[in-house]
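Chain naming follows the written order as A, B, C and D, and within any one chain the residues start at number 1.
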């Protein structure tokens, strides 16, 4: 489904992602781990189009997506969340999710001005779908609050809801558990599985090893931009190179 | 839902009655009618600026350029080519739309400071053009611009022009609300709040920025055309950067990103300017101090103040179209 | 929901403003009631006669506007000190038109509709007079405009007259000066204002019948301070005459920059060259310049051209502590004195009667004899030719090469 | 012709440059934009005129006194308005608007204090013109160029050699780190506003004898200085000078050879072109970066 082939990006003299190749199959929960500064978020930014590749290629559903604008990549079916939450913080929770429906709706300016029946039907459908998603994420009671008034964990869940609203085929989760307490983490684990069960493939960057080991099907390990392992959770845990990378870099330093 | 709709209808009815009473009372107050006509033009123009700055987060300090493009297009078409007024006004909107898009193409890539500068420069360019070019009669301006004919009857009376303008204000406000509460409007607000996240969720940021500019230009361009037909004479001095600053002052004072803000701002700043006439040559000093005072003490404008008062009064939950980052 | 509440609030606010604005017709505005309140006790008094004034009081043209206001206020004070008009006091209501059509439309409507003025002294900005002429015509209020641009007389207005000279006569005077000084190669520097561009546009075709060749035309933006590009261009064109058609604010600087960059020919200018400001800013560079104008402000009271001017200057200095800086003070003064004459002789304060009275008025002011009987809108045709020599304005006839 | 155009261009370019330096300093130290520089120049010119012409102080004393007062005024502006707004959490565009408010107040204040006519300032030197390469030049124009040059060199030394300058640059690069190192960030940003005001005021005093002093003298110059700063690369000291000189040359030569009617049109068009195609200006490599 998503194939990285020798993906490389350099900032100045620094190679942040260095010839990384892997393939994510449909329906997988694919984990990316590595010490701080290993290039995990950069990798996400490459897939979602925030950064452009220096060399190599990224293919999604057999189409080259590297070099496309972020909105094009989103349109092709990839949605993401952010490590440092990027919500529309002054808008209401519901509106945040509605914006997530952008690519799944069509009405343009003219339809909005003339309030065509099609546009009104679409708005009603958006409303229903978004409330459904908020319920799924357990945020339905907060729908009218400004997003910035939510707690940290709620904001992370809202980001996922927003991403889900675009009905992606591939969902990139960038440290969704960061800042969550342990009950929230348990809920999150459940949620991630539920999302996968809806048929959505997940690419997950996470520091919380317990969570990663619990949910992922396959894990790749990055260190200084290079891929040092690609395996099932159990095997990765016992990979000596991975252990030394974490020891050397200081896990979660 | 049903309850609120009833309430809305009730309030609308109250407003209409008040409006009608006001209009009857004003019939012979020619000076006030003139001012109110201007207030209506400003309301439309500032609402347009609000779509751009309040909702999409893009500043413009050159809106006088669009005011000018609307006024000059309509004036030139009607006086020099004899085009009927009702064709000239849409043409004025179209030309403003085109100018908006041309400005937005580079502007959509710039961040706020440079956007401010770019729009100031565009304002200067348009001013220099209309004050120098021979087809705009340079500094002499354009005279004898026809009034607006309606049902075979010219809107010569300020009273009927005002009624027409109120209808136009209502129309443009309804359109604004329709846009804001649609997919397009949500895209605008997403861009204002967080352009990176907006792009990541599939919004073509540049396209919607250009769209916001274009819509805004149409609003201000229409107001400009109304100005030309109302006064019957235009000359470049009206379209200086002071006009752009005034639009911005109205928006700030009324409150950005709100329904009522541009209306309140346009009304109060217009009347304030007239009241300050008493001060003669000290007038502009007070006006400048007024801008500072608004920035310092009323960062969300009057409509923000109303919100705060209302929230403390009714403990109303949810603020629908307000953003509060300033 | 809050939107409706705030809309109502806005409306009531507008209404309350409306009621307070419309309610008291008399008091609003900067009523410059100069001097005598005592005249109100006169038996015949009744209401005061209101003269409206709109002109730029702020911004780049504030100087000429405030000078006009000074002239107007002085005239009104003198009239009131002399017992008013038929026992009625005269008051002035002055507004800033911001040098823009939009501003002028607002304040002239206010003068006519709210303040109910009996007559108007118009802006020194001809553009603003044109912008508001239709309103004044419709209201049938007599207006004496103080701009000099030819564009708004001789075009059928019934109530808009000029309270000063038409610059068309100055333009003819400038050509006369050029021919007398033997100009052959002329370059121009024109300001981007309505008055200046039209002034030059009027002179240019008239030059075709003369031996003066227009070698180079340049212009500048009103408010500019740097003219080095234009000046260099003019100097290098090998001219013996440069016509600067621009405002007093810039004339001095331009003369100075021309001379300092080595221009040695003669400089010609319109009436804006007469104020002392030009000679102060330019210093010696103003010498050997020539201009045509209606009102020439002398350097001191003693050198006033006639008794009327001497009396005016004495009163002006007594009132404001300095000589007038711009001739707009003369224009404002003469306009009010003319209006006073009209008020005295008109059958009623109605527009048509006042118009009738102005057409038959006989008034000799500082500028000379006013005569509006031809109905063109112009009533004063004096034009003097002057030169600047040794830092002084002198009649052209006494200029020595 | 070329020589007089060059001198004219150098002089007006230096004027723009002094203002552009102020814009750049403020931007590089605090990421803020101001629109007051042109009006500060005008106030400086009036103060200089007051000291030199009305009170009869020697020109140098009038110049230094004005620069000092403008320096304090800039500091005051930052402390009493900009800092207050920032502390209230105002977004940066509000700061821009507040400086527009200030630039509406200042000329009208000057009109109230000094009147609206152009006031002549007597020449500083005994002679009114000097000959350079066969062209007559006003000596004050040369003074403007010289002072511009000196100010630039001094500022360069101050920013690279002095402790204060270095800490200013540090504050610009990373305010948090700088304050943790014990650098008084609010003082250093205040200082940039003060220096900007002093530069504008100083050049205003020098312009008095050249142009005369009037309330409108700062309007156009202020905008052009801003354009110069942008063309050179906003926030870059050296770019500000280079961009301003370029603008001075383009403007003067366009007026001299092509069109005087559209002289300003060409300047603003150049500005827009630069913003579109070279958004970081001619001097892409920033000496000290703030973004």
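Everything below uses one rule, namely that a contact is a pair of C-beta atoms (placed from the backbone, for glycine too) under 8 Å apart; a residue touches a chain by one contact, two chains touch by 3 or more.
Not measured: the values here are computed from a predicted model.
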{"item": "Identity of the chain that, by mean CA position, is farthest from chain D", "value": "A"}
{"item": "Chain A and chain B, separation of their C-alpha mean positions in angstrom", "value": "40"}
{"item": "Gap in Å, rounded to a whole number, between the CA centres of chain C and chain B", "value": "35"}
{"item": "Distance between the centres, which are taken as Cα means, of chain D and chain A, whole angstrom", "value": "48"}
{"item": "Where chain A touches two or more other chains at once, by residue number", "value": "none"}
{"item": "Junction residues of chain B - those touching two or more other chains", "value": "128, 132, 281, 283-284, 325"}
{"item": "Residues within chain C bordering two or more other chains", "value": "58-59, 62, 66, 192, 221"}
{"item": "Pairs of chains found to touch, sorted by chain label", "value": "A-B, B-C, B-D, C-D"}
{"item": "Of all residues in chain B, those that touch chain C in their complex", "value": "4, 7-8, 11-12, 14-15, 18-19, 22, 25-26, 29-32, 34-36, 38-39, 128, 131-132, 138-141, 143, 227, 231-235, 237-238, 240, 242-243, 258-260, 263-264, 267-268, 271, 274, 277-281, 283-284, 303, 306-307, 310, 316"}
{"item": "Chain B-touching residues of chain C, taken from the complex the two chains share", "value": "1-15, 17-19, 21-22, 28-30, 57-59, 62, 66, 94-96, 98-102, 105-107, 109-110, 112-114, 127, 130-131, 134, 151, 192-194, 196-198, 221"}
{"item": "Chain B partner contacts - residues on chain A that touch it in the complex", "value": "48-50, 69-71, 74-75, 79-80, 82, 86-92, 95, 98-103, 105, 107-109, 111-113, 115, 119, 122-123, 126, 144-146, 162-163, 166"}
{"item": "Contact footprint of chain B on chain D as seen in their complex", "value": "27, 33, 81, 84-85, 88-94, 96-98, 100-105, 107-109, 111-112, 116, 223, 226-227, 230, 234, 261-262, 264-265, 268-269, 271-272, 275-276, 279"}
{"item": "List of chain B residues in touch with chain A within their complex", "value": "175, 178-179, 182-187, 189-190, 193-194, 196-205, 211, 215, 317-320, 322-325"}
